[in-house]
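When the chains are written out, they are named A, B, C, D, E and F in that same order, and each has its own residue count from 1.
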Amino acid sequence: MDVYTLGEAFAVVTSSRVRHEHEARLDVTGAEFIVAVGLARLGHEVAWLGKVGGDEAGARILTVLRGEGVDVSDARAQEGSPTGMLLKEVRAGQEAKTTYYRTGTRLAQGNVPVDRIAGSRFLHVSGITAALNARDAMHAAVRAARAAGVTVSVAVDYREQLWPDLREATEELGALACSADVLFVRQSELDLVKPALTGDREIIVMRGTRGVSVRVDGVRHDLPRPATPVVDPGGSEEAFVAGYLSALLEYLHPADRLRRGNLLTAFAASGPSDWQGLPTTAELPLLEIEG
Amino acid sequence: MDVYTLGEAFAVVTSSRVRHEHEARLDVTGAEFIVAVGLARLGHEVAWLGKVGGDEAGARILTVLRGEGVDVSDARAQEGSPTGMLLKEVRAGQEAKTTYYRTGTRLAQGNVPVDRIAGSRFLHVSGITAALNARDAMHAAVRAARAAGVTVSVAVDYREQLWPDLREATEELGALACSADVLFVRQSELDLVKPALTGDREIIVMRGTRGVSVRVDGVRHDLPRPATPVVDPGGSEEAFVAGYLSALLEYLHPADRLRRGNLLTAFAASGPSDWQGLPTTAELPLLEIEG
Amino acid sequence: MDVYTLGEAFAVVTSSRVRHEHEARLDVTGAEFIVAVGLARLGHEVAWLGKVGGDEAGARILTVLRGEGVDVSDARAQEGSPTGMLLKEVRAGQEAKTTYYRTGTRLAQGNVPVDRIAGSRFLHVSGITAALNARDAMHAAVRAARAAGVTVSVAVDYREQLWPDLREATEELGALACSADVLFVRQSELDLVKPALTGDREIIVMRGTRGVSVRVDGVRHDLPRPATPVVDPGGSEEAFVAGYLSALLEYLHPADRLRRGNLLTAFAASGPSDWQGLPTTAELPLLEIEG
Amino acid sequence: MDVYTLGEAFAVVTSSRVRHEHEARLDVTGAEFIVAVGLARLGHEVAWLGKVGGDEAGARILTVLRGEGVDVSDARAQEGSPTGMLLKEVRAGQEAKTTYYRTGTRLAQGNVPVDRIAGSRFLHVSGITAALNARDAMHAAVRAARAAGVTVSVAVDYREQLWPDLREATEELGALACSADVLFVRQSELDLVKPALTGDREIIVMRGTRGVSVRVDGVRHDLPRPATPVVDPGGSEEAFVAGYLSALLEYLHPADRLRRGNLLTAFAASGPSDWQGLPTTAELPLLEIEG
Amino acid sequence: MDVYTLGEAFAVVTSSRVRHEHEARLDVTGAEFIVAVGLARLGHEVAWLGKVGGDEAGARILTVLRGEGVDVSDARAQEGSPTGMLLKEVRAGQEAKTTYYRTGTRLAQGNVPVDRIAGSRFLHVSGITAALNARDAMHAAVRAARAAGVTVSVAVDYREQLWPDLREATEELGALACSADVLFVRQSELDLVKPALTGDREIIVMRGTRGVSVRVDGVRHDLPRPATPVVDPGGSEEAFVAGYLSALLEYLHPADRLRRGNLLTAFAASGPSDWQGLPTTAELPLLEIEG
Amino acid sequence: MDVYTLGEAFAVVTSSRVRHEHEARLDVTGAEFIVAVGLARLGHEVAWLGKVGGDEAGARILTVLRGEGVDVSDARAQEGSPTGMLLKEVRAGQEAKTTYYRTGTRLAQGNVPVDRIAGSRFLHVSGITAALNARDAMHAAVRAARAAGVTVSVAVDYREQLWPDLREATEELGALACSADVLFVRQSELDLVKPALTGDREIIVMRGTRGVSVRVDGVRHDLPRPATPVVDPGGSEEAFVAGYLSALLEYLHPADRLRRGNLLTAFAASGPSDWQGLPTTAELPLLEIEG
């Protein structure tokens, strides 16, 4: 297994105006779900661990992942519990408004297959999982990875509405970031994970409109944001993570890691779905970005 | 006020196949919400009491009710809490699958305006509210109505997935039904509310494909189900309740009460929304049903 | 020319619920427009005369007719005047509500090419034209046809909202019907055109759910309404007229005239457009109706 | 009442290509309708006076306004007369083509409630009303406002196709502008209202791509046009008026009035509806514009 | 492996009116594709063998099958060759018109994994494959199955436009039918496969509106067609095959085999897709059919 | 006849993501089809020669052309053969992926009406036709034109997937280009048609994002690409050809020829169809482009 990842996945309903419109779009998504699909499309072996509800939305999540070639043999559907749901309002030029409908599906510590993680090259987790029902499972996975020398990749992914208590967020996300060998952090999250900013981990800073940067072996690399059309920015950052990790798995140069991250960002944002736009290896040349 | 009603309202997302389709429909609904709209369109003065979330879905619920002329001056939006949500799969010829996403919005006993209820002709409540967050508020409203001699209308409306414990449902719904002067009960719910089936209350039995019946002053009246096109059956029973109550408020003959109930059922089922198809008084002649 | 026809054509917007829905359908239509398309698809030579507005809707009307092979060389676009418009609400199982937006486009008597009418086998007009801006032109056309021995086909087509004065309607439509050799009349219109019911004209009575009938040479022929799916009944009667006239032009037996009329009704009603569903000769066998 | 406004409202059908497409969008709109919704969403008390048809489109207009909290107690539905209609073709990068379907609904002088206007802080009217059926009513309202010292706000809003006679437009709109305390005028309309450009009224000039400006107390303030995405520019100018007036009602600085006007322009243009995109006070920070 | 199947799969575009409409639906389909999905959803182990094009449509076919848990490890994508395509016109009440766009993708005899077929309980093939590019491969598979004592299931599935020469069809399909242990044949195809109608094979006759029948051990069982709503009949017969085979694999009684076949027909026809409506075992009780 | 043109036309299905989406758009298109419509809308007399299938798609092609006023009296529908089809994936910011489904419809040399071509001012052909089934017919047409002194216009229009053998393409397209009086060539095709770049023919070079240029009488004229919104670039180059030829037919100055070409490019790209956005002469001022 190249990458093992775990987290929650959701049904997501997108509307251009929740207050008025009847037309909506139903899809599935999830931070690690997107990363898993992105990596699988680029030819990597990926496993996704999560618990979905025992309903049609849960079936859709597992069907999509299986269809994309992601290993979901560890994932479970929990009968009697619905899959979580997001309601998003996406209006042109405005930040999306997202409502989380969380449910009782919960990945427990005991669901984490320590051996399979130990046999992977990378473990990838995201801070959103630390805020949701699967925190303990996530910690168990990180511990298993570190114990086995598996590279740990962490996306900080702080979502304000999921952390009622800022102090708790700082503590949890800070600790999580300190477990990372590869750390994806937004400009706005730097303060949250200050303790993790020292040391020799590979820290990729996502600066939004100002592009991305990484410092590797004391050299800083920068890339501007791609100037390609944005239909729906949802999933862009997770796509960046998938692209970057893919390039890292292929031992590409840091600048090329950023470039592939940006490329996947551009693909993901070119359509309404968080993950459908992700490219196969053969499609990578279809979009041209600067840098 | 002709009718005071209270309960929960929801955003509702409808899909023809949750497992596969992208296209979905976003609307708002709620058992008493539908009854309130149905009565207001027929010219009655109606007030709806409920708590919605402090979000766009909550704004939509209140906007629709206000637009329809329903008095929402007692309703509240609860900042920081999302509006509840339903995800429905509606496939031709099959019973809908519904997932409830309940949230922390909660109508408390203290939110119930005893005086306004006492000043109404009817109070209408539904058993679904007894299963949700507003049970205490509902009991307070029923007590206030009974104390003031206000006619109490109850729809049993048992929803299996909301009552994990059947005994609790039997107890709660049975007691609620016993408070009713007018009782709407499905054939399948007769056992649940057995203690309420005696006495001189007006009991309307909804027998699905076998039509509706009521016994008034010892005479039983029966009407077959209307043979009109069904686009989406959602909201049909609530529409029946609105039609029946409207005819009762106008002192129509029991057979005419059933007839108007059926008529509203036919209107509601003729389109995809639970409430948009409800007729104004002027529109009543547009649909012809037998009986 | 097999059939010359004249009348008004309109842009038509159809909604399933004008009060609430955003989704609508834009098309073009018109009583004689439909008859012309129906006849042309069945291989007859047809000309349509009318005035449309000098706008995109007018261009659409002429483009459709030209595309279908209807001769529109006499038709005109009137710059500076918009094309008329209909707003229709079509709800399952209910009679459509139609609003007419009439405009200043007016076919004048002088626009009627007497010679071309005289050179046709049939002239077809509809009573709706007598209620609209083209009444004088229609009379001129009928006179020209009668003078030249051209068979005159008339559909009574009384539309209540276009005739504020019932007496005027009775007078106008009665006189028009008396000019007909072939008369299409709804059961409900029989009283309006009483004076035309005697004599030896061919009178086809359209009885809605009770089917159609015609008396030819003292023999009455009856056909029940086709039991095929109805998606939108708009254009059904005009389709019947086209089918009947087509069979008459081909000297088919009266029972076969009714049958082809019914067949075109079934085709027209099987889709949302008033005319798009009309069959070519090759498509006639695709739908099976009884009779 | 903060603002009293009066005018006509319409059903509006939007198509991306009237000549070819079936898909269309049905909505409602109106110059003062948009201003009223914009002000109500920002927390102001607004009343809208107008006559709609006694049909579903008219019901939609009143339902929307009531739902938004606009006071429509003076508005009337005129039975037997349809609501006016607009047919718009909106193609990317091109000016919209609009066809007006005007009807007999007419707001008469006698419908104007002089007392209620006298009791408002502002009266807002638009020049489009002077071209339509409600001109006399509008004059009566302006007189009532001036007599009572109510601030009169006027948007010149010259629409070429509604004024067959340019001289009449110049006279009417010039006189109307001279009654204004606050005057919204497009760059291209300056010549039409020349007599009103002197004096101490507050004149806001809308220069399209070159931004907006206002001179207050001898100081000119300028703001560029917002560089936010434009999905459909319909309603942008009316949104500007609502934003500006809202800021004026809150005694904001002239530069902040322009800024709020621009902000509402950006919100309105970010979606297909003329008014659905208008923000509540809480939503104002969601869009960032320069200036 | 419970069932091994092989054949062609296609992209399919469905339109309600090819001549006029812009709106269309893009999906994937195939006779054995549908059978495979139907069986997999009911919990059976199924493998599908086929060659798709090296394009997005081919990727979609394999993604769907993989997502549904069908084993596609033997299937191949052929670079440089497009996936076949169907264009279907589906109009209410009319038989679909289908155009086949066949391409160079061709399953060769050498692609057939004899061992895997020998290790399966059933082999299922359909006569449409005999008419397409994979005939030799199909024969090889049938030979392998018969040699290994694997039950051979054949659906005759004669499609007129794919067999220019009726004699060739009779020969090919007759021979194929004679290889079958279980034979699915339409009433209209009985003449084509006369030689196969004797012997002790299990012959299921699909009589369209007159239902289905089977003779097992000398006893004939009959079931009427289900009276459930038909949204799109596409895929109904293949769904029947999947249901029947599933019941056969579970050793159900012949009458129950027909019943499950009918049940799957009803599910498949209840939506626009040929396969999306197919039920999981848990969904089977959601639709009620007689019989 | 101003322009005679010949070639193939296709049904075209457009999807934003073939791998996932159900929603698609069905239209018709063709290189010379677009040029013909573009010229007809600008008032020129145009004839289009081609063979379509004897199916609904073929009927749509001929209906559209006839509706637009293009002379299709030489065109034929070939019974028993389907119309060719394109499947296009159009994703924001990416080059379209197109799959060609070619069929047996074939325009033969004998179908070319030499006299009608000889009587035209221009013959227009495109290199795509040389790669498809109508090559011989195209050569016959070019010979007829040259023999009669008719101006020959050629668009090189090299499509990689239609020419398996580059050498053949170079030979064929080079020879075709040498027959041209007016030659439209993409920057990327200059090498393919080298022998045609000398001589005094009018060569228009389409440089994509770098604009267009032409050298006439030794003077080179350049125009940048129009900066108007691009909804779907399909048909842009053919629209350019139509605009350029139209201006040439009207003896406009070379710079104005480029300008009109660019203008039609902008119109064509402003909507999803290859040809629906093309302007009439009256619409030309609706779009403003620089240059």
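Keep in mind that, in the parts below, contacts are C-beta pairs under 8 Å (C-beta built on N, C-alpha and C of every residue); 3 or more make two chains touch, one makes a residue touch a chain.
Bear in mind the structure is a predicted one, so any value in this text is a computation, not a measurement.
Of all residue numbers seen at the subunit A-subunit D contact, under half occur in both copies; the interface is built from largely non-matching residues. Distances between chain centres, each the mean of the C-alpha atoms, put A farthest from subunit C. Among the remaining chains, E is positioned farthest from subunit D, on the basis of C-alpha centroids.
Centroids built from CA atoms put subunit F at 39 Å from subunit C.
Centre-to-centre, using mean CA coordinates, subunit B is 45 Å away from subunit C. Residues of subunit D in contact with two or more other chains: 17, 19-23, 59, 63, 97. Only residues 228-229, 231, 266, 270-271, 273, 276-277, 286-287 of subunit C touch subunit E when the two sit together in their complex.
Considering their complex, residues 21-23 of subunit E touch subunit D. Residues of subunit C touching subunit B in their complex: 16-17, 19-21, 91-95, 97.
In the complex of the two chains, the subunit D residues touching subunit C come out as 11, 13, 15, 17-27, 53, 55-57, 59-60, 63, 82, 85, 87, 89, 97, 99-101, 103. The touching residues of subunit D, counted against subunit B in their complex, run 59, 63-64, 66-69, 280.
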